[in-house]
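Below are two complexes that have subunit A in common, paired first with subunit B and then with subunit C.
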Partner chain A sequence: MNFFLAGLCILITGGLMAWLLRRESVGLIGAIMGPLMALLAPIQAWRHGKALSISMPWNVPYGSFFLEIDALSAFFLAPILAISALGALYGFEYLIPYRNKRNLRSVWFFYNILVASMMIVVTAKNGILFLTAWETMALASFFLVIFEAERPETLNAGWSYLIASHMGTACLLVLFIWLGRLNGTLDFNGFGVAGAREAGFMFLLAVLGFGIKAGFFPLHVWLPEAHPAAPSHVSALMSGVMVKTGIYGLLQVYLLLGPGPAWWGWLLISIGALSGLFGALFALAQHDLKRLLAYSSVENIGIIALGLGLGMLGRTLNDPFLATLGFCGGLLHVLNHGLFKSLLFLSAGAVVHVTGTRDMERLGGLIKRIPWTAALFLLGAMAISGLPPLNGFVSEFLILLGAFRGISSLSPQVVAASATSIASLALIGGLAIACFIRAFGVSFLGEPRAKRAQGAHEVRWPMLFPMVVLAAGCLMVGIGSPWLDRPLTLVVAAISGQQSGQFLADSIPSLLSLTMLGTGFLVLVALLAGFRIWLLHGRPVEEALTWDCGYARPSSRMQYTASSFAQPLMNFFAAITGSTTRFKPLDRFYPVAAEFTTATPDIARTRLFDPVFRKVRHALMKLRWIQHGHPQLYVLYIAITLLTLFLWKLG
Partner chain B sequence: MSVPSLVHMAIAMITAPLIFGIINRTKSLFGGREGPPLLQQYFDIAKLLQKGTVYSRTTSWVFRAGPVIGLACVLIALALLPLGPLPALCSFPGDFIVMIGLLAVMRFFTMLAAIDAGSSFEGMGASREATFSALAEPALFLCFAAISQKAASLSLSDMFLRHSGDATHGSAPAPALLAVALFVVFLAENARIPVDDPNTHLELTMIHEVMALDYGGPDLAFIFYASALKLWILGALVVNVVLSGIESAWAVLAGLFFLAIIVGAVESTMARLKLLRVPQLLIGAGALAMLTLIVAMG
Partner chain C sequence: MSSWIELAVLFLILSNFALLGASRVTTLIQVAAGQGILLGLLPLLAHAKQGNLRLIAVALIAGLLKGVIFPVMLGRALREANIRREVEPFVGYSLSLILGVFALACSFWIASRLPATALFLSRKALPAAFSTILTGFFMIVARRKALTQVLGYLVLENGIYLFSISLGQKIPFAVELGVLLDVFVAVFVMGIAMFHINREFDHLDVGQLSALKD
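Coming up: the complex of A and B.
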């Protein structure tokens, strides 16, 4: 635990010093050394197989400084720490062009505070401490999101983020106060629940409150606005690990409430399938590379929710295999998504860094200009599409394995849930592949579509190194999954409330086969590549134009665009995504102006939140007279409120 | 690792291109032509392997890696394939998920390589392939759900062994529905009529062919060979399902050749569907698989 606290101190001190001394490098050192130091704590917890904890009195009512690194915390803590340190190194280089334009010390201050608050969020075992850290995390990330505040869309993104996260906090506040009133304490270890009805409401509150942070559909609307707006290393941190604190919170509450009725699992399975499907479809519709990645986070959160939902259902219905494999796959996907989404955001950031644009329709041919970034993005794209032999495949494999086992179960509920999960995972997987082929293919392959993309140069090592580490992580988890069984067994045992060791051990042979096949695949690729080189050795290998039906002057504008690539799928799903097409065809013999536009606005925003908020605003307009701009009367309001409270307390 | 498994892998690797010969021969019989020799695909591959190659200036290493990775994928997938009673070289619970994953990797690189050439035609082919495979994926997974439920097993080798044992007291329509669903997926994944026409001469209407338009020499040979093996793998799955109950590897081999004749007959008697109709076909296949699952439960 000392390592953890020391890391926390280094981090916060670094942030404060960066602010006070106006030295970015101090912030950088804090943001690298702190997490690396703290990383020893979860490692220690795994090695000893028991929780580390510290509890100190705190002079806040019901509050105590109670931190504990148990199996669940350790599992979420490790990726937060590793990715924060890597993101800091990347960010230092990434922010250099902004040096003379903007106040960077505040970036380091908020970055370090954000990391510190995430560390506390996943370890706090006291309601007050948890909520304080949760709120700090939201505020710190808000200030990082509005880094480029002079852009109206950035500020807008910041506001919707702030409003959304406070709506979430409101739910959590109710939840914790309720739990606190029932138990007379706000320490997590004193929490217990009385009735099943109450537990059900509490679970709903947790799904709402934490679901907003995690980006469950349809609560995700802030996510595709806020994540792309932040500087890329912050986007990586937010999408890679911060949204997972929502998943952590949900699991923590699930642990406190105990196994619930079957509808809890069904709720998460439906949320997961919807988030996955809509996330993938909207990702497919985006032109902005970082926005696409943000929507794909919604999709991956859906996969995680699907896994956890199957796990919960398995636990309720006493199906230990389904419980173990569902939780295991969902949790492993938390780790995996942290790795490949951070990798993708960092490499997309590198693209923005060298080309100055996030619009895919203006990119192209980057693989020749920034080959390293391109290769790393490709690896991330393969991983996120759930392709072997990378890590995304392993977690989806585990969830699918659980679901396929569930298919032969005797309980009709399990069969139905499994069939739903299998079909939706398959569709989500197919859409994700289409989405990332489009993202990589249009941005990196072919010919440059705009001037800026032509003159790009590779980024320097401080930006490349973190990406290389993350890519290595993706490959290592993909090939070496059997060696992750210890941390996974510990955490799954905690959540599924049973000795899951044997059920997980049952799938170890499958994981070992994945290792073997993955290695075999890589060896075979190398052998065949060698064979090809040997075949072509000494033979004529010429270069020519791409075949365009005999047309010898192809131009980069004749390439397939990102929109045209997605068109058949968007067309097919237009009924549920609500994408619209406006088409003004050529209607004379001589070409005149013609027009074709498609738009896919977020359905949750246009059909759900916009109308509701409009109604709410309309209703609240009647109360406008309270707010009139006379400070004297405002002081009177305060006085009256205090007086009322005083009288209420007396009476 | 067992000798029979190795033998059947070897048979597949040697015989796969012959399937194309049988399909083409059937088509020429229907058309009243003599047609190419049965071994034409072997001649083509051998000829291409001896040639040099020409690359487009637009392409990068992704284009060159595509055929190599594609071939590696099908070869590994082949190691997971049982043939009737002969178990796969490598068999474990969930091996079919890996097989589907490997075929997805192959598609992934084929599509990327197509986009890498920077031509509209190839981009269009990739876009269509992405669309249809995204919709074929749920159908394929649901087929496997139905098979694994019936066999109460999660590894391919077990599935087909036990599947054959249970066939007598299973409900009769289920295997037939399943076979139809799998057959549709098989046609779509291998770019055959009614989804794609391998003989079309117009770039605009191609799907799979257009993605290989800029390849030549050994790369094209790799692509031909890999698609023959892919046809073999998915075909063997269809045949394994249909021939449940017959415990002879020779029967399965004969079944594969018969399947090739059916494919040829379908291609001679049907036109390809309008592109907008293909998704409906694939969703129909998914619905059939789902129906199988429900029938088998009852």
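Coming up: the complex of A and C.
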């Protein structure tokens, strides 16, 4: 625990010092040393197999400084620490062009505070401490999101993030106050289970409150706005790990409430399927590389929710195999998504860094100019599409394994849930592959579509190194999955409330065969590469145009665009995504100006939140007279409230 | 000892009425300064026997801030802003005094209803505390100038301070220092704000600030 606290101190001091001494490097050192130091704590917890904890009194009513690293916390803590340290190294290099233009010390201050608050969120075992850290996390990330506040869309993204996250906090506040009132304490270990009805409401509050942070459909609307707006290393941190604190919170509340009725599982399964489907579809429709990645986070959160929902259903219906594999798959996907989504955001950030644009229609041909970044992005894209031998496949495979076993179960509910999950996972997987083929193909292959993309140069090592580490992590988890059972067993045993080792052990042979296949594949790739080198040895190698369609003078406009690649799929799903096209075709024989635009506005925003908020705004305008701009009368309100409270309490 | 405390409390209540009835800003500042010095003395009077060092330190700092530093700052703001010296009330002086009597009655009622815990000072300090708080509120609400509002906040804080010392050791040290710091910052910020408002609009009338509302 000492390592954890020391790491926390280093982080916070680094952030403060970066602010006070106006030295970014101090912030960088704090942001790397702190997490690395703290990383020893979860490792210690795993090695000893028991929870580390510390509890100190705190001056706040009902609050206590109660931190505990149990199996669940350790599982969420480790990726947070590793990815923030890597992100810090990347960010230092990434922010160099902004020097002299903007206040970078505040970036380091808020970055370090964000990391510290995330560390506390996943370890706090007291309601007040948890909520304080939760709010700090939201505020720190808000200030990082509005880094480029002079752009109106960035500021808008910041506002929608701030409002969304406070709506979430409101739900959580109700939840914790309710739990506190029932139990007379706000320490998590004192929380008991209420009646079934109350537990149901509490679970709903948790799904709402934590779901907003996690980005469950249709609560995700802030996510595709805020994540792309932040600097890329912050996007990686937010999408890779901060979003997962929502999942952590949900699991923590599930642990406190105990196994609920079957509808809890069903709720998460349907949220998962919807998020996955819509996330993938909207990702396919985006032109902005980072926005695409943000929607793909919604999709992956959907897969996680699907796994956890299957786990909860399995636990309620006493199907230990489904419970274990569902939770295992969901949790492993939390880790995996952290790895590959950070990798993708960092490599997308490298693309932005060298080309200055996130618009895929202006990229292209980058694989020849920035081969390392391209290769790393490709690896991340393969991982996120769930292709073996990378890690994305393993977690989806575990969920599918559980679901396929569930199909032959006797309980009709399990059969229905398994069938739903299999169908939606298959559809999500297909859409994700299409989406990432499009993202990689349009941005990295072909010819550059704009000037800046032509003169791009490879980024330097501080940006490449974190990506290489993350890519290695993707590969290692993919190949080494059979050896991950120990930390997973500990966590899953805690959540599913049963000895799950044996059920996980059942699936190890299939994981081992995966490893074999993966290794075989890698060996094959290495052999082919060697063969290519041998063939080319001593022969002249010429560079030519990428295929020019037989035109004498091909131009970079004669290639598939991001929109045209997605068009068949988008047309097919137009009925549910509500995407619109505006097309003015040519009506003469010789080319003249023509135009074609597609737009896919987020349906959760246009169909759900916009109308609701418009109505609310209209209703609240009637109370407008309260806010009249006379400070004296505002103070009068306070005085009257105070007197009324006295009269009410003492009268 | 307790007779001294009662005398001090009596003076406090009287000073509240003086604040409500005064027509010149300079008088207001002087009365507030007197209140501050009185508040600084009060814990010393009550606690002279034990000679608790921490308490004496807090009392001295509070007396110095409330009785000397804030009034001097406000006086300087008054000179620099070069405003008219009248208070310019929304609510007339006589009506203010009548309302002050009601507020005092109300304070006695509230104080009598509060549960009697181990009180540090005489129980008579409680109504004085509430009436000071209410007077502060009243000054903020019913006076037009930004400067009188700052004074109102100061008086409000005096009331809170009195309340906290009448509860004695129940209120942590840090809370008191925090409150003091708050007011210090408030006076500081408002001094600057007033200066700028004065620069921009040539007057210190808060009523005109409503043009800035959203």
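The criterion applied here is as follows: the second predicted complex is superposed on the first by the 621 of 651 C-alpha atoms of A that agree within 3 Å, B and C clash if a C-alpha of one lies under 4 Å from a C-alpha of the other, contacts with A are read in each partner's own complex, and residues count from 1 in each chain.
Here is the rule we go by: a residue touches a chain if its C-beta (ideal position, glycine included) is under 8 Å from a C-beta of that chain, and two chains touch if they have at least 3 such contacts.
Note that this is a predicted model, so its numbers are computed, not measured.
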Which holds for A:L650: it touches subunit B only (first), subunit C only (second), both, or neither?
second
Name the contact category of A:P554: first (subunit B only), second (subunit C only), both, or neither.
first
Have a look at where A:G441 lands relative to subunit B and subunit C in the superposition and call it first, second, both or neither.
first
Of the partners subunit B and subunit C, which touch A:T641 in the superposed model: first, second, both, neither?
neither
For the three-chain arrangement built by superposition, which of subunit B and subunit C touches the greater number of subunit A residues?
B
On the A-aligned overlay, A:L633 touches which partner chain: subunit B = first, subunit C = second, or both, or neither?
second
Does any part of subunit A touch subunit B in one structure and subunit C in the other, and if so which residues?
none
Taking the complex as given, what residues does subunit A use to touch subunit B?
364-365, 367-368, 378, 382, 385-388, 393, 397, 400-401, 404-405, 407-408, 412, 415, 418-419, 422-427, 429-431, 433-434, 437-438, 440-442, 445-447, 507, 509-510, 513-514, 516-517, 520-521, 524-525, 528-529, 532, 535-536, 539-549, 554, 556, 558-560, 564-569, 572
Okay, in this complex, where on subunit C does subunit A touch?
90, 106, 110, 113-114, 134, 137-138, 140-143, 149, 172, 174, 206-207, 209-214
Which positions of subunit B touch subunit A when the two form their complex?
49, 51-62, 64-65, 67-69, 71-73, 75-76, 79-80, 90, 92-95, 97-98, 101-102, 104-105, 107-108, 111-112, 115-124, 126-128, 130-131, 133-138, 140-142, 144-145, 148-149, 152, 154, 203, 213-214, 217-219, 222, 275, 279, 286, 290, 293, 297
Counting only contacts in the complex, subunit A reaches subunit C at residues 59, 627-633, 635-636, 638-639, 642-643, 646, 650-651
